[in-house]
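Each structure below is given as structure tokens.
Note that chain A is present in both complexes that follow, paired respectively with chain B and with chain C.
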Partner chain A sequence: MPLQAITLVILALPAAGSAALGLGALKVPRRLVQVVGPGTVWVAFLCSLVLFMDQFANGGKPHDFTYWTWLSSGALQVPVDLFVDRLSVFMCLVVTGVGGLIVTYSNGYMEHETDGSYARFFCYMDLFITSMLLLVLAGNLVLLIVGWAGVGLSSYLLIGFFYWRWSAVVAARKAFVMNVIGDVGMILGTFVLFAAYHSVTYRGIFAALPRTDSPLLELAAFLFLVGAVAKSAQLPLHTWLPDAMEGPTPVSALIHAATMVTAGVYLVGRLHPVYDLAWAAHGAVALIGAVTALFAASIAIVQTDIKRVLAYSTMSQIGYMFLAVGVGAYAAGFFHLMAHAFFKALLFLGAGNVIHAMNDEQDMRRYGGLWGQMRGTSICFLVGSLSLAGIIPFVGFWSKEVVLGDAFSKPDPSGFPQAMWAIGFATAVLTGFYTGRMWWMAFAGRPSPERPVSRPHEAQAVMMVPVVVLAVLSTVGGFLQINAGFHPGWKLIEDWLTPTFGPLPWQARDLEYFPTAATLLLAGLAFWPIADAFYRRRVWSVWSERLPFLQRLLERKYYLDELYDLLFVRPMDAAAESGDHLLEAPVIDAAPTGVAMTARGSAGILSLAENGLFRTYVLVMLGAALVGLVILLVVRG
Partner chain B sequence: MPDYGQITIGGGTLSAAWFLGLAAILFTLGAIGVLVRRNPLIILICIELMLNAVNLTLITFARQLQDLDGQLFALMTMTVAAAEAVAGLAILVDISRLREVEDVDELNELKG
Partner chain C sequence: MLTAIWLVPVAGALAVWLLPRRLTLSTGLGASLVALALSLAVAVQLVPGHHGYQFEENVPWVPQLGISYHLGVDGISLWLVLLNALLTVVAVLVAGRRVARRRAFVALILLMEAGMAGVFLAADLLLFYVFWEAQLIPAYFLLWLWGEGDRPGRAALQFVLYTLVGSLLALVGVIGEYLYAGGAHTFDMATLAAHPPAPPIQFGLFILFGLAFAIKLPLFPFHGWLPDAYAAAPAPVLVVFAGVMGKTGAYAMLRILTGLFPHPVLWWNWDTVVPVLGMVAIGWGALMALAQRDLKLVVAYSSVSHMGFIALGIFVLNQQGQQGAVLQMVNHGVIIAALFLLVAWVAARAGTRDRSALRYLAPQMPVLAGVFLIVTLAALGLPGLNSFVGEFMTLLGAWQFAPWLAVVSCLGLVLAPVYMLRLFQGAMYAGRGEQLAAPGAHAVAAGHGPGAQAAGTVPARGDLSAGELLAITPLVLVMFLIGLYPNLLVQAMSSLAFALPVPWK
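Presenting the complex of A and B:
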């Protein structure tokens, strides 16, 4: 099969699976759902492997497969084309690989749902995979926006999966609104690029880019940044992500950790020629990422819901990726993307095992002592935690070190990358701390007296296998790229992505020995003795009593939800309310009501003539004939 | 009595006014019957009466004006009358299957 067809199959298969499950939602037998749901994703994964082989063999020469013309209107030419290069193949592998594991896992996790809900769940999951693949494979901005909106839609559907729960519905709505703000940014950005360069395809735009920065380019880059920030839950459009934990846990793993939220990173990477020129927007990417990383990590310290801790850590880790692509270390950012996909999917699925065993209890204060009873899950979760905290030799260590090392060693007279590094460094320490807290609270120690299940059962095989696979990946994944302070190292990820991004424009210096060692040490200290002391030995309660203000500030997430409520939601509500009183009832409603009343009144008068009595009709007829006759005679005479 | 001319009939002649007068009386009888009677069958018969009164008028004038159009139109009227009787009776039979109909005033469900 030619490559062009295989590329289309990658998209078409999950789409067909989703359509089949959706159209026959209630009738499809459960067995078939279990095969079709994950099966289509796995076949797409195999097809991605074929593309991988091709990219491997031809040295990274990109393909631009054009299938047909979608829109053709004057200068606006929108083809349906898929762009296959090293970056999109990389993303395809992550999306279908991690996605396949998570969809397989869902077979077990969703077992208690009714048949209809079960098929609906896999329909949405496949829809999401399709949209995400379209997003990463699209060869022009219009198609990208289609995929972009598609992941927003499936995210909405999956967050609101338990639609009988009001909080889930509200969370879904919130995510959708926040994402639409980003979509608007994307569409406006596309308009600007089209107005300036008369093309919407990547190739056309990149070929027409000027050599120097221009205000128009900055504008476009900032507009795309709005889209990236909304999708990737960065400040200030982040509030939807923690609420999105209302969805089933595999959804949190797939969408809100491993794939969709990294779309912003992908966007910046894909449009890197634009960002390389637009220095202000590029700097903003790094700044937003760094600030979000620190901000989210600080909130994660006080959260008690295990999924919310993971949600804030996701925001924080994506902040690292933004930091990396923002300073121009694209390969480092995407290495961290892959690493994060591994260990965050692992953490979420591990948490899913626990939640499943605990009858859907998510409060970590009510866990404790799981180490002895769910040993397999505990070991895997520990691997994920250590990886998240950045402990050697797990994958998170290597990727985080590349991000921080590249940022630290970037030569810049303003010292901006070094400032970013400092924020990232502080975040790494906090990450070690809150990850340790999560671990010690949930798994170590004695079982909490409030625990809903005293003898939890270990997860079944279909759930355990993906977790173990992800744990192995999180353990060995880091050896794909060992260059943080180890010479000679090898850089498979960076080499793989070089045809897309070009080589790193500066030499990552040996000086990174120091930050590496320091981060490792401090994060490790934070993970084990400090977090252990604070949480297991209950030092924390003493401290939080001493600093009630700080505790409250973090618990309320810096009051940003309340601020948005005050700034946007309430004025909107008030405006809608007064519009209802002042405009809706007296003006807009009055017009059609008046017309209707007039019609009804006149019809009532006319209907008096139709009284149903035969005699009346005949009389009227004869009378009319008589009158006509008289008139005729008078006129004639 | 206004002069509408003479009509040859049998061996003698007769004033056309007699025929027209008879037609007018028959028509009026029919119209009054339609208006005042309640029985649907009687009403149908009265309609036939009116139609035939009209026919008489048509033929009278045809004879008088030596023009066959009037006679043709009378044939036409008879055809229509036959069709109307068929349709009317069919409707009546249908209604009477549903219920007893003695008074057309009871058939007033279609009022506005």
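Presenting the complex of A and C:
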């Protein structure tokens, strides 16, 4: 089969699976759902491997496959074209590989749902994968927006999957609206680029780009950044992500690990020719990333819901990726994206095992003592935790070190990258702390007296296997690129992506990786003993008891939800209500009534209406026509 | 062929009226299907890129005054003729057996189809006006005699008076155009377009016609008749009212206002006025949709918002904007018809149209919920479905005209998911603060016991009937079709009856 067809199959197969499951949701037997749901994703993974082999063999020459003309209106030419290069193949492998594991895992996790809900779930999951694949394969901005919005839609559907819970319903709506704000940014950004370069395809735009920065480019880059920020849950459009925990746990894994939130990083990477020129917007990417990383990590410290800790850690880790692509270390950002996909999927699925065993209890304070009872899950979760904290030799160490090392060693007289490095460094320490806290509270010690299940059972095989695979990947995945620890070691990820991004424009020196290696030390220190001392052995009184104000500030997530409610939601509703009462009802809506009233008063149309309005109408029409004719003749004369 | 497109429904209406009642639905459906088939045949044979009318029929009518019975289609009107034919089929399908005085009802709907088809097909200004008035008469009776609510007569009266004002203005305009259009003394639209009057006269005529079409569309702030009329009209009537009738105004704006009056200049260039009204309509309609409690009114105001996009696109005077507007006419027609149907079905099942009284209907009507979801997504402009394409193009046109217009209009894109999802979720999902048990959860827990059986019987009740599903499926299919392949419509738009002031390439 030619490559062009294979690329289309990658998209079409999960789409067909989703459509089939959606149409047949009420009738398809569960066995078939279990095959179709994950099966289509796995075939897409195999097809992605074919593309991988091709890219491997041809040295990274991109393909632009055009299928049909989506729209042709004057200068606006939008083909349906898929762009296959090293970056999109990399993303496809992550999306279908990790996504496939997560969808497979869902087979077991969703077993308690009714047949209809079960099929509906896999319909949405496949739609999610389809949209994400379209997002990374799209060859032009309009198609990108279609995939972009499709991801938003499927996250809406999955977050609101338990539609019998009000909290899920509002969380879903919030995610959708926030994502639409991002979509609008993307649409306007597309307008700017089209108005300037008369093209919406990547190739057309990149070929037409000027050599120097311009306000127009900055505007476009900032508008696309709005989209990236909304999708990747970065400040200030992040508030939907913690609420998104209302969805079933595999959904969280899919949203956080393999798909959706990484889309913003992909977007900056895909549009890197624009961001390389637009220095202000590019700097904003790094700044937003670094600040979000620190911000989210600080909130994660006080969360007690295990999924919310992971949610804020996602925001924080995506912040690292933004930091990396924002300083121009694209390959480092995508290495961390892959690493994060491995260990965050692992953590969420591991947490899913626990939640499943605990009858859907998510409060870590009610766990405890799982090490002895769910040993397999505990070990895997530990691997994920160590990886998240950035401890050698797990994958998180290697990728985070490359991110921080590349930022630190970038020569810049303003010291901006070094400042970003410092924030990232501080975040790494916090990460170690909250990860340790989570681990100790949930798995170590004695079982909590409030624990809902005293003798939890280990997860079944269909759930355990994906977790173990991810644990292995999190352990060995880092050895794809070891230059952070052993310079000059091999750097396969960076080499793979070089045809897309070009080589790192500055030389990272041995010595300059060294200070960043301190993160490893400090994070490790913070991880084990300190958190242990705080939360399990209570050597020191818990810091939050001494600082109740800070505790509350963090627990309420810096009051941003309340602020947005006050600034946007309430004024909008108030404007709608008062507009209806003050202008629409009394003036605009009343106008025809007023006309009718006047007419009634003057000509007694009411009685005429009873006699037959139609006759009156014809008479009035003819009369008015005559009057008009006379006026015109007079005017003319 | 074109004559048949409007004459077949008239014949159908006569047949329905004359034949016994049990044949009403099959006769009506047959007539509307024949009209649809004829329209499709025209669509298939239309030559893209052709300049001038196609399938022309030109018979002198009053030669002394230059009036002729002149019909023709081009790449714009074709899609509206098709929309009209399709939605009439749907309207007849859903008219169903419950409508009182069914014969007259179906006959009037067919007459309305004929009138609207004539509006889209007319190539002669006076003929256009005749059809324009003709569609009003069945519309009035449909609203008056079959209106719901406490005072349907009042809504009908309001509607007629409002549009009557518009009609009279348009009539004066028609005569004025005849007298002043470059001395051509004809009503032939293509000739008139080639001989525009002097700019100040154009300005005056623009105002006359513009008001008439703005009321019909309706464009902010002339939408006062809409909430009452839409609240009173029954669902099958709304399919043609909201779906097609408003489009006659939109079509006339594009064909007559921009086509015949390219430079309506008096003292000042008023170019930005209508786009600004369109922009305000987008925001205002969305805002008002947020404030409504009545399901139908939420949809009605969403329509005001979406019609704003159409007006915006037409008057930003560039190709993307105007083609987007034509696309949006079709999109909006399909979406709003589906929305009104769904809302009516939901209201019929729940026994109320009050949004706050509805909740958690999805478990009882899963199929309806699924269809409603897709239509909701199309209505809020989800990329991949039809409405996005039109909105994207009109906004792109607006951006090229004046970027701030596009930016402010994007407010409509942000508010649309808020009011549409409130509508959909409010009716289908758990209500405020509720934590319900999963539907059928106990049945699974109890295995295949009696519980499972009981839970299994619940969802079937109240769901879409086969007939309802049959009526709405074509609309949903069109949403997907245009979303995936909008060029199907846009490529035909290269065939224009007469050049617009801004050439389309």
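By our rule, the second predicted complex is superposed on the first by the 571 of 637 C-alpha atoms of A that agree within 3 Å, B and C clash if a C-alpha of one lies under 4 Å from a C-alpha of the other, contacts with A are read in each partner's own complex, and residues count from 1 in each chain.
Keep this in mind: contacts are C-beta pairs under 8 Å (C-beta built on N, C-alpha and C of every residue); 3 or more make two chains touch, one makes a residue touch a chain.
Since the structure is predicted, the reported quantities are computational estimates derived from the model, not experimental observations.
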First (chain B), second (chain C), both or neither touched by A:Ala149: second
First, second, both or neither for A:Met53, with chain B first and chain C second: neither
Of chain B and chain C, the chain that contacts the larger number of chain A residues: C
Partner chain(s) touched by A:Glu584 [first = chain B, second = chain C, both, neither]: second
Which of chain B and chain C A:Asp183 touches, first, second, both or neither: second
First (chain B), second (chain C), both or neither touched by A:Ala5: neither
On chain A, positions contacted by chain B and by chain C: 609, 613-614
Contact set on chain C toward chain A in their complex: 133, 137, 140, 153-154, 157-162, 164-165, 167-168, 171-172, 175-176, 179, 221, 223-225, 227-228, 284, 287-288, 290-292, 318-320, 323-324, 360, 362-363, 366-367, 370, 377, 380, 382-384, 388-389, 392-393, 395-396, 399-400, 403, 406-407, 410, 413-415, 417-418, 421-422, 425, 428-441, 443-444, 455, 459, 485-487, 490-491, 504-505
Touch list for chain A against partner chain B, complex: 606-615, 618-619, 622
Residues of chain A that touch chain C when the two form their complex: 22, 25-26, 68-74, 76, 112-114, 116-117, 142, 145-146, 148-150, 153, 160, 162-169, 172-173, 176-177, 180-181, 183-184, 187-188, 191, 194-195, 572-573, 575-577, 579-580, 584, 588-593, 595-596, 599, 605, 609, 613-614, 617, 620-621, 624-625, 628-629, 631-632, 636
Complex interface listing, chain B residues touching chain A: 31, 34-36, 43, 104-105, 107-112
